[in-house]
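Consider the two complexes below, in which chain A is the common component and chain B and chain C are the respective partners.
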Partner chain A sequence: MSDILKVENVTLTFGGVKAITDISFNVKEGEICAVIGPNGAGKSSMLNVINGVYLPQIGTVTYDGVERRSINPRDAAIAGMARTFQNIALFQGMTVLENIMTGRNLFMKSSWLEQGLNIGRARTEEKVNRLAVEKVIKFLQIESIRKTPVSKLPYGLQKRVELGRALVAEPKILLLDEPMAGMNLEEKADMSCFILEINKEQGITTVMIEHDMGVVMDISDHVVVLDYGKKIGDGTPSEVMSNQDVIDAYLGVSH
Partner chain B sequence: MATIPGLVLSNKQNFPDAVALRYKQLGIWSSYSWEDYYNEVASLVDAYKNLSVSKGTVVAIYGNNVPKLIFSIAAVQTLGGIVALIHPESNESELTTILNSSKAEVLIAEDQQQVDTFLKVESECNINTVVYLDGRGMSNYENSKLNSYDDMVSKSENNNIDAQMQSVADNDIAFYLYDEHENKIYKVSHDSIIRNSSKICDLNKLSNKDSIVSYLPLSISTNLLFTYITSLVSGMSFNLPESNQTIEKDLQEIGPTILYAPSFVFKHIISSISYRIESASESNYQRYMWHYTKLMQIYDKEVSGNKNLFDTIWKAWIMLTTFAPAKNVFGLTKIKHAFVSDGVLSKVNFNFFHAIGVEIQHSFGQAISCGCISVQPDHSVSSENVGAPMSGAEVKISDNSEVYFKTDCLGEEIDGGTNSEDGWINSGYVGSIDESGNLIINGRSEDIVTMKSGKKYSPESVENLISCSPFIKSTVVIGNNQDSNSAIIVIDPNSVNSWADRKNIRYTGYAELAGKDEVRNLIMDHIKCVNETLDAELKVKKFVILHRTLIMNAGEVSKTMEVMRKNISKNLSDVFSAIENNESSIKVNDIDQLSYELKVNDI
Partner chain C sequence: MIYRETGNFVTNYFKDREIFPLKFDKIIVILGLLVLYLYVPTTSEYTLSAHVVPILAVGLATVGLNILTGLTGQLSLGTAGFMCVGAFSTYNLMLRIPENFMSLPVALLFSGIFAGLVGVIFGLPAIRIKGFYLLVSTLAAQYFVWWFFNSYAWFLNYESSGVVAIPPKMYDYWGLGNLLGIDMQGYPARYVLALTVCLALTYFAKNLLRSNTGRNFMSVRDRDIAASVMGISVPRTKLLAFFVSCFYCGVAGGLYSFCYIGNVDLMIYEIDRSFTILFMLIIGGLGSISGSWLGAIFVYEFPIVFTWIGDTIFQGAFNTAVVENVSNMVYGIFIIALLIREPGGFAALWATTKQKLRMWPYPH
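Moving on to the complex of A and B:
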């Protein structure tokens, strides 16, 4: 399979702080790629570089055959990149349905006036988009909380809603930032099932940052290990497991 | 008289545009008229014919109430086939029993859950074709028996099936119904189940203007009779909720006129009200409590005939400000008849529903009696009986209080025989008949307990009293060969959660909540109240709060949430023996491989 995403020699600094140093890796089409590493290793920054939130000082990101140093986040979304965030970034006062609906923003061509008055294109668009949203709601089994404001939901469900919002954008590649942080065992199992199903049945390439090694080893095809902004491992889960640098980084060795 | 395909046809001719089936798909209510219903059945008839379903073929339908499965029932029967209904949560052993004793050849399964359960026992059954509705998660399954429903239907033609529908004979077998208490299958003809349903329709004047919501899968025979068959006989609309989790919301949106549910659903409504009130603001909480007390006082006067004009005005005000909105939340505003399928509601709950204008009617029946023998009439105010036998049915009580019945709508055991003595059939329950001829059911005969003193009684009667608290989900009373009764209590997570939040009690999960001293005191106070109403011998002296709820899949509760004593005593043998040996605490190694420390509390 061809590489859908290529990260080449990316270096990102904030003033004097080097967040990412000269990192390269490839993501094949249709795989689940996990990016792991201790706190502050630069994982979230890496994701932010990929979808254009941060502009790296050196290096390029090639996505879908187009090489560039930076991309506007909106253009990244149009090109088929969707993501979730480490700290839940939902509209707390809005319902689950409304939140997921915001993920369809790219598919809405009608003007704000049409939408405000519910006339013209807005009406037909609403129906098409609602259908897409409902399909995702069914997929994620959250029918019973469709009309519940997000602020009233437990953390695990909010994470699921966030995944839903990313999914309705019909992405080619899904970037998940710690999809299972703060979840209990059962919620993790559910979330793993959803991620696997999205990947295997819908064929969406997934790049995820995750701390739970059990989950990473179980569901990912390819693991990239970062430590202090540098790449220390890259390969299949079993290769990475036996890599001495990775073991040191996780078990702790003085630097 | 009629057959199920015949009723579909006549409803299509009589009211083609009336709503036959309403269901929620992807968040939007959609409906089928009787005309659409007929067309769906017609295309399925062709599809099932291609699977070589013909006269006498047994087709097992394994899933929840979804339109595709509902249409399949009439389609299979149009071809002369027999439908065996299986509960979606049935485990491997139950599935094998049903498939093998019914000699089913075709299995229609809802989704991966059912297909997986089947695949585990595939080699033990003679199923040659499996049709699944929802292929999610099964894209890499390579079993050649598996067929997708959508593929099957896309190849079928929509022919006129009037003649085929009319050719089904009244005495043909329509269903194989499974009775999980007896672990037996009964065969039921079109004629007997439809005649039984007509009796219910006539008795309660049900018409095609009514609507009914089906809470539970149709594999529960009483539910099949009261919802599916009655909707066909009367022509009323049959409504399907989106999923088990959304029922409350769906009920509110539909606002049915007929509610049919087992007692646990009614109890759930009460405990939902209670936990919502527990988490309401202080002023609303106080107002509700005050109005509730007042309402029940007025209801008592109403029953005894002492209600005056002032009470009427008071009640109207209370209803308007408090209970009418509460009824609306649960979709009870338009209810004309609310049938309870199994057993009886406790007096407190029964009176509460009557007081707010929801007329509860108890009923009694099993698979062999086509789902119903007796039902309470409208405006009955007795919470104890299950009504008088319907026309064509008779009931007698044997010397050892066992309930025997005769009915003209009878099922037969699958191998042909019926266990009857001069036409009287043992229902498996004990009970009595009151002075006005109403049947009172006390519990199952096999559950009857003999205490050390020689006293015999049905533990269900005590359990019902204890379980009427909104904080208690189920109760198992142990008294066999004991000096006094003990109880295993399962708390209701929802209402106890809200109560604990209100009291600022911190906990991490169900097991910890169940072990809290505060919760123990809450339950203890309730049992003390119940004890005051019990005979000295029956008083509950000890209780244990269980660290988990009872599990349906392990057979601890029936599909209608009745406690299944045999399996519970097997799974919780540690708890039982600790109570019997007067230990003060129990270490339980449970089926989840973890161990818990439970306390035996003395009252």
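Moving on to the complex of A and C:
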């Protein structure tokens, strides 16, 4: 299969701090790629570079055949990238339904005047997109909370709503920043099922940052390991597990 | 028939989106409209001129500020300035464009657009700055607009006193005065115009709020980075919010001058008014359209009711200074109490009350 995403020689610095140093890796179409590494390894920064929240000093990101030094987050969304955030970035003042509906904003073509007057395209769009949203709500089994303000939901459900918001945009590639952080075993199992189903049934390429090694080794096809902003491992889960650098980074080395 | 929500099931997603999902609500709305259009204009001129019309004008400005501050999260202190643009534009459009081509409702629409454009210009810094820093830009709008209209007497048609009374003929639009045989300058006619404009714009705001544009506004308020990652253009959304908000303020300014006080006067669009409207917004509840109206009614009526209490119970013991100071203190106390206990303002109190009544008398 072809590579949908190619990261080449990306370096990102904040002042004097090198967050990412010369990292390259490829993501194949249709795979689940896990990015792992100890805290502060530059994993989230990597995702931010991929969808344009950060601008790398050196390097390019090739997505869907277009090579770019930087991409604006909006263009990334239009090109079919959707993502979730490490520390949930839901719209706290809105309900679950509104949050997920916001994920459909690129499908809404009517102007604000039509929407204000509630005429023409605005009416039909609201209906058509609601159906798409309801499909995702059903898939994630959150029907009963659709009218609840997200700020009142427990953490696990918020994570699920955020996944729904990303999923409803019908992305080609889904970037998940620690989708299972802080969850208990059952919630992790649920979330893994959702991610696998999204990947296998809907064929959406998934790049995921995750700390739970059990989950990573079970569900991902490809693992990239970062440490101190450098790539130290890249391959299938079994390859990475036997990589000496990775073992050293996670378990420490005796000096 | 009793008012209840049980037993009302929506059977498709489109029905779920109705503004008034209950049949009873619809009946109340129709009755309310009948009262507003048929009964209220027949009440005394005093009621209309001292209570109803000014509340309509400032309430509309509060709705406008709500779109900017409550929905989109952009703080603004320029409300009175934008109202001022609206009032002066309405006057000048009526004055300078031949009567055949211009009428009061059309002038109000265009002055709203002017105010909106001025708002967009002063909203440009919002693309780069947030929160309290943005207050500086909108404060600049307030002072700039005031200075601008103060400096160029052309806008007041070289009226030396600084106040220009609105000529009666400006009120007569579309030949309605002759057609219906009513005095278009009278308060009932002014009231009906203001009411129609306010209802139409409230409906517009309500629709905007529950459509994609409203969700974009709120997403920019809650998490702008997440919004941009989802493909929402944050700068465009902020500027649109400035435009729509200032459109409302501009129309409100036009209504305030034309329908309420009947003259164009710079002094009433000073910074105090911006603050008053901000109080109305906070007390009423950020982000709620009906809250804006509740807040406007409370803040506007409080001094009047307080004076009335003083006059009837304490034989006129409260002079205007006392009333003003007490009012300001009460607003302050309300704002502090609401910020601590119920940041959603009156609108949230109303929602809680409704919820409690729904559960009553078994609150579990």
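Everything below uses one rule, namely that the second predicted complex is superposed on the first by the 252 of 255 C-alpha atoms of A that agree within 3 Å, B and C clash if a C-alpha of one lies under 4 Å from a C-alpha of the other, contacts with A are read in each partner's own complex, and residues count from 1 in each chain.
Criterion: contacts are C-beta pairs under 8 Å (C-beta built on N, C-alpha and C of every residue); 3 or more make two chains touch, one makes a residue touch a chain.
Keep in mind the model is a prediction, meaning the values are calculated, not measured.
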First (chain B), second (chain C), both or neither touched by A:Arg121: neither
Partner chain in contact with A:Ser110 - chain B first, chain C second, else both or neither: second
Which superposed partner A:Glu134 touches (first chain B, second chain C, both, neither): both
Touching partner for A:Glu143 - first (chain B), second (chain C), both, neither: first
Per-residue touch tally on chain A - higher for chain B or for chain C: C
Which of chain B and chain C A:Lys152 touches, first, second, both or neither: neither
Which of chain B and chain C A:Glu197 touches, first, second, both or neither: first
Touching both chain B and chain C, residues of chain A: 130-131, 134
Complex interface listing, chain A residues touching chain C: 51, 53, 73-74, 76-78, 82-83, 85, 89-94, 98, 101-106, 108, 110, 112, 115-118, 122, 125-127, 130-131, 134, 165-166, 169
Chain C to chain A touching residues, read off their complex: 13-14, 16-17, 204-205, 207-208, 211-216, 218-219, 221-223, 225-233, 240, 244, 287
Chain A to chain B touching residues, read off their complex: 97, 130-131, 134-135, 137-139, 143-144, 146-147, 197, 200-201
Chain B - residues contacting chain A, complex: 26-28, 136-137, 139-140, 242-243, 245-246, 249
